[in-house]
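Below: a set of structures, written as structure tokens.
Same chain, two partners: chain A is paired with chain B first, then with chain C.
So, the complex of A and B:
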């Protein structure tokens, strides 16, 4: 009974923290477009907080610069359970155009923290990001929550 | 008070309850528009494995050429594979793909075609930089104004502006420096060029005995009738003006090198046999030293090697007289400027 109630609450209220680990900012702009009235992220009960301590979902963009190696792991540790990580754009997946020979890019992000969902594209369309968050977010959070309890 | 009533009214609406229970964005907002350039599509049967797409791709992990395994009946396909996790959807791979139809297609906005003139002309004018003396007379007479430009100390014709009027050709003081090239029937034109050059060479080889007598700065000249040549060329492509133009363009520029061989002076020392880079000179005990003209490169190394003067090296040039009643090619042969070993 309590689990069921928690599941419903968690599914309908997802708090998101956006982390840019050294990209071109293009994917972040697409996330901002998601917040606009056209896509209206908040009608799904998703809130962008930019505070890992309040977040259920970490949105990772960027290609993992040198300085982010330990800091990303710290942010991941600060996020309360249950936590879901969504990698947005090609940078966290392969390093994209930044992953040239001799560059200090430590992609993919999944080498450093566990990643639950990936959205490819450079940048992905806002609708693709929204679909990914909705597809993975509520159920994964509910499932994680049950595991923990 | 009225605001509370408005809130109650809003919450009582059915659409509000529906949106609250199951939020959904409109389909037209979620769908990608037609102009959206998505990941490239690969049609592997057209691929020629040139690798232009991999060279043009700005993302290091995005594109890779792979080859299918061969089976008993046919060879495996070679084709590019797009990694969606690396591709940035720029469309450069589709832009550079040289096959027709394209192996890679990606949106419509990157299909760039070469500049071309839309005028219905069959000739294109070009400047031969080797013969051009940079007098710039053509630039002054050009009717378009800026179709002939100076670029990097060379005079060039901008093909996107040229209207093919041919005025520059009339004012050019050097014969052959500006030439009109026919755009169509390129394969037939190549055949005619081969025919003309080969028959001219055969005609000169036939005159060997007279060429051998040239000494010092003497010039030996003779005329070849072009009628037969034109008849042969007409069998390939029946176009009088085109054939005349081709022969004129070739002869303006052509410089044939001639090697003569004086059997009487040859002492069979076989120095030239070793030096010949193409193996055209052979020695047999019955025939002595023999040169095979089909294999010969006319490089003149044998001429420079021979200590007895058995080999001669001459240069021939041509002038095509197309305006006379019987069309002739005037040939002049003279000794080369290379130093002679005594």
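So, the complex of A and C:
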């Protein structure tokens, strides 16, 4: 019964941490736009607070700059189980235009931490980001929580 | 005690490390570590054609992405010694001012979030969405617009779109004053946590080379748009500036600039001339430099080309100076840590622009890099 209760609560209360690993900022702004009354992220029970220690979902943007090689893995380790990683934009998927000779990026992000969902676009629209979080967030978190227990 | 904030922190949207030297709750001084999102754009651009370069220049920064492409295109036009057609120049002004409005509203909303005024934060974001719609109507995209080319802009605007943008601007103008009033004279905000916090005097602003609304709020009456040929010859507008130099002045300066931008957009729509929006420009070999007023201040491009490929490019963005000005002059003797984070938010930091260098030691580890002001202070002795 306790498991069932936890599943219900986890489905309706998702905490999100946004990590920019070296992008142009465009995707981060679209996540901020999600907070606006038009999209109203919080009506789905999603709360963005940028604290990895309390997060259920890690939103990764950016193309993995030099400094993040070890830091991203540390942040991933700090995030409590069950956790879901959503990569937003072309940068974490392929490195986009930055993944060329002479640059200092180490894309894709999936080389460094496991990624559950990928949203392509440069940048993706806010509604697409929201759809991705809702598609993988509640069910995956609830299911993984049950496995863990 | 040294209090580190960031790189991933609830108070910050972008990765950066603020080191606050504190005694009790009081902040004595601050230091900033860069290098978390350095991608090496200038290096990638070398040896590419302008068609590839303009795509990359748009991705220097996601908030003021428009002005980077405009400056890039105008630098190449300068090398060729030509100007874009007048209709294209008008359309560039239109997009630039729309971009400025959304950037200023976003900057102010970040400040209100930092000072825990959630209501104004939501109001600002709600005001910003129609402006994003106007940008999407005009260019087809919300953030990275892909709108400028060397010699003009990509698409012409339709009359129906101009009418809709005019409607959006009229609605914004009628609603906007109320929110400025809430901030300026409201019972909770007016002066309580923004006046006399994070003061930077005019002399300090000059020493820190502060630009844009941050410099103008400290009394530097300087706007590069005054020297730009399109703005100088065709439009009637004023430079907004203030004397106080505190958080209140910086926020109000951005609020007041939005009025000017709305008036500029209306002038564009009422007076736009007929004609082409793009012309063919033959680019010779050469070097040129061009400046423009981004939402955060002056952005400079200097480009050397051999007529086909970019040989060298140097981009100087406003956030570099403004973040250093914030660390060195605004965050001195701030009363509380919460005020220090709010002060940092008023300096409108955009880290993606400001990243220029990552320093690696021989073993491949990243060294700390504290920005430009340390170099300056060493030079002064």
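The rule is simple: the second predicted complex is superposed on the first by the 149 of 149 C-alpha atoms of A that agree within 3 Å, B and C clash if a C-alpha of one lies under 4 Å from a C-alpha of the other, contacts with A are read in each partner's own complex, and residues count from 1 in each chain.
As a convention for this text, contacts are C-beta pairs under 8 Å (C-beta built on N, C-alpha and C of every residue); 3 or more make two chains touch, one makes a residue touch a chain.
Values in this document were obtained by computation on a predicted structure and should not be read as measured data.
**Q** Label the relationship between chain B and chain C on chain A in the superposed model as either fit or clash.
**A** Partners fit side by side after overlay.
**Q** Determine, under the contact definition given at the top, whether A:130 touches first (chain B), second (chain C), both, or neither.
**A** first
**Q** A:45 contacts which: chain B (first), chain C (second), both, neither?
**A** first
**Q** I'd like to know which partner A:122 touches here: chain B for first, chain C for second, both or neither.
**A** both
**Q** Tell me which partner A:65 touches in the superposition: chain B (first), chain C (second), both or neither.
**A** A:65 sits against chain C, while chain B stays out of touch.
**Q** Looking at chain A, does chain C or chain B touch more of its residues?
**A** Ranking chain B and chain C by residues of chain A touched puts C first.
**Q** Taking CA centres after the superposition, what's the angle at chain A between the directions to chain B and chain C, given in steps of 10 degrees?
**A** Here the answer is 60 degrees.
**Q** Figure out whether A:97 sits in contact with chain B (first) or chain C (second), or with both, or with neither.
**A** both
**Q** Just to be sure I read the superposition right, which of the two partners does A:138 touch: chain B = first, chain C = second, or both, or neither?
**A** Once the two structures are laid over each other on A, A:138 reaches no partner at all.
**Q** Based on the superposed arrangement, let me know which partner A:82 touches: chain B (first), chain C (second), both, or neither?
**A** In the superposition, A:82 contacts neither chain B nor chain C.
**Q** Using only CA atoms and the superposition described at the top, report the least gap between chain B and chain C in Å.
**A** Shortest inter-chain C-alpha distance (chain B to chain C): 5 Å.
**Q** Hey, what residues of chain A end up touching chain B and chain C alike?
**A** 38, 96-97, 100-101, 122, 125
**Q** In their complex, what parts of chain C are in touch with chain A?
**A** Going through chain C, the ones touching chain A are 7-15, 35-41, 43-44, 46, 55-56, 59-63, 65, 106, 109, 122, 125-126, 128-129, 132, 142-144, 350-352, 358, 360, 366.
**Q** Note which residues of chain B are touching chain A in the complex, please.
**A** Per the touch definition, chain B meets chain A at residues 19, 23, 25, 29-32, 36, 58-61, 83-89.
**Q** Spell out the residues on chain A that touch chain B in their complex, using ranges where they run on.
**A** Per the touch definition, chain A meets chain B at residues 38-40, 43-45, 90, 93-97, 99-101, 118, 120-122, 125, 127, 130-131.
**Q** How about chain A: which of its residues touch chain C in the complex?
**A** 17-30, 32-33, 35-38, 49-52, 62-63, 65-68, 71, 75, 96-98, 100-105, 122-123, 125
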